[in-house]
């Protein structure tokens, strides 16, 4: 049994020592995640030949299997860490965010693959599950966690400005609905429809598929745009300041 | 009479202790405001069946009644607070922003409902009054007041940059009017018309319904865009810095 | 002569004590500037009746006369100020920015009005001179000068980022010209033409009149947009930080 | 030989004393770089007469020759500087960034000019090499290096937010592909195609050539836009804060 302990300890040290130091295990997993995302993008190309497609599908089915194996290995190897040894340690390990994200990176897809194989190959929305792999990536790199901490530092202000931005979006939609519903029933005929305009305008994307055409609508839209653009840009500014504060304190 | 005083005190403590601590009263009122806004959005959908519409109209008419009742209850219960007891206290309570916003959340609609019921159901712009309910929401949550305080901290700089942005918008409109009026009389034939272009450009929304087509117009527009985009984004940046400063001082 | 000195002193005190304290003179001049700008906007409306137009033209011609009178009055009254008394003081007063801006607010228009009255009424670009009145406004309010000072504080960084943004605009135009010239000769057939695309994209205005359609052009445009948008937004961010720094130091 | 040493020393002092002090040599080189870029832009104009074009081509071929001469001169004169004297000093000089950028400003073009003269005149992508001259410009002015240092200060945070923005772009593309592939196979029929939409939206450029049309697509796009716009704007904010920090420390 001593041999097994040694292997366990070596695997834990070599692959998962923690988020502070990078190991070749981290890089392998990160590389596979990125490769799987590129694979996901390529698979959606409609002009792929059937042979290539079936091969890509095969590789694609292997990836959740790899993540499941990696998850099991890590779960087993975690016993070598004093923090996660014993039953209580195991429980603590199970309910870490890292573990949950790791689990989501393969579990929904394996369940789909086993129970609904025809959905796996056919349904498009199944691919959305693969985005859970990004969470695994985020949990792995400490630089990403710094984003999370900057968000938490300014949490209250971010929440307030996001809520205010949402209410502003709504108000803008109501205003433009009132001004433009008669002139453009298709685009502004109801508040939910006008919301699409409000989002496109206040985020300054401005596709140009909908825009006010009446004088009153243009005046309202101009007013809302000048005041509102700032408000919608505010969360980014607050977050940037929160980052800057962390940077300053570290120095 | 002792009983009434106790009820009064309990209502005040349970519902309106102030903005520092949340009570279930706050959450009930906030939920009803948000529900009423969702209701407002749904009501504008033109494809609603007449039965559903009449029911929604009925609920919609109840909301200002609820706010009126809530307002009266709060007004009465405020007597339990030492600050608002007595005639002078009542007067102080009446002219608080919170009270004014609470009043605007139901009064214009009740007046409309009683005096012009046919307008209430028919006229679209009447719905704009319902946006006053948002003020009630803003007055209720301290996080929103923090936005107000950050605005006040940087008030002078915000004012100067907003004024400068307005003057820049105007200058840009005059310049493009001069350059493009002959080529595009519909879009740039007068300064007020060119203002629509200026707003869409300097807020970087850029719908694409109007844009310069002459070489001189493009050169001017490019010049204005590079310098002006920053100026119009400045208020948001200043506001974000003001938030950051508040955050730092609190720590 | 004592009487004249008293009048001179009173006018200087009442109208022009300086930029630190507002007088009714400041507000009158500011109101006339704003009114003249609104007048400028209205005059460009092509649907005005000839009678109204001729009346507006008359008022419009009075405004530079008013500014000339105000300029002369101020020049004369400045003698009451010790700093501007005597010949050397006069010279110092003449070459202040405020004086230069005041002069530009009426001189070009009076010269036009006297020498080329037919151009004054007809030529559109003559209206551009009226924007000089804005400089007068800027020189009058200290809040605007604070913008100037914030610009000066971060001058070197602003210069470097603006230069870098300009070079990036140029590089983006060259790249898209290389990628798209064959596919879209009208929009990307030369570097100057592609510059219009680069300005519209990197300022994030994105009218949608020109955009890449080839795969190579889209890849390059995407790459340039992600990296470049930040750079073009940088001057605004730096300026906002410079404002924030001034705000902090004043507290 | 003493004469040669003196010339060497004078050239080094007059042209290249370093990046801290400007010499007329710096300005000459900067002017030629800027002139060469303007030349590059003019040459791409398709309406040039053949005579002018051939003359511009001649000037254009001279520029890399000038840079090669300047490079050799500098290389030789560097011996006058104690840091770059001797064999080890030469080696140190050779592998400075400034030297590498200087080399790239002429070498690829001279090689093209000598080995593939028909490509030099004809192929459009050859012009991309001329953008290397910008690197020479960046290496020359210390204000540009300050941008580089601000980037390095916030390097880790910039990296994390850029990576996060890239992953968000990808996720947005997958989401919109799932929602819109059936409705708009041309624009959203695969993830790489949807990426073009994601870049245009999250950088807030919003050309309007592609946008969601289904309800589900619009809801997803709105959600992504509100949250994502901030994230993509974050690197600029972080960079601006990093600049501000440098500014503050210098004061």
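Think of it as A, B, C and D in the order they're written, each chain with its own count starting at 1.
Simple rule for what comes next: a contact is a pair of C-beta atoms (placed from the backbone, for glycine too) under 8 Å apart; a residue touches a chain by one contact, two chains touch by 3 or more.
Predicted model, so just to flag it, every value in this text is computed and none were measured.
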Matching chain pair for A-D (criterion: over half of the contact pairs shared, by residue number), options C-D, A-C or B-D: C-D
Same or different contact residues where chain B meets its copy chain A, judged by the half mark: different
Rotation, 0 to 180 degrees and nearest 5, that superposes chain B on copy chain C via CA atoms: 90
Separation of chain A from chain B, taking each centre as the mean of its C-alpha atoms, in whole Å: 31
Centroid distance [mean C-alpha coordinates] between chain D and chain B, Å: 44
Residues within chain C bordering two or more other chains: 195, 204-208, 233, 236-237, 240-241, 244
List of chain A residues in touch with chain D within their complex: 37, 40-42, 44-46, 124-125, 127-128, 130-131, 134, 137-138, 141, 143-144, 146-147, 162, 165-166, 169, 195-196, 199-200, 203-209, 232-233, 235-237, 239-241, 243-244, 246-248
Chain C-touching residues of chain B, taken from the complex the two chains share: 153-154, 156-157, 159-161, 163-164, 167, 170-171, 173-175, 177-178, 181, 185, 189-192, 195, 201, 204-208, 211, 218, 221-222, 225-226, 229-231, 233-234, 236-238, 240-242, 244-245
Contact set on chain D toward chain B in their complex: 204-208, 237, 240
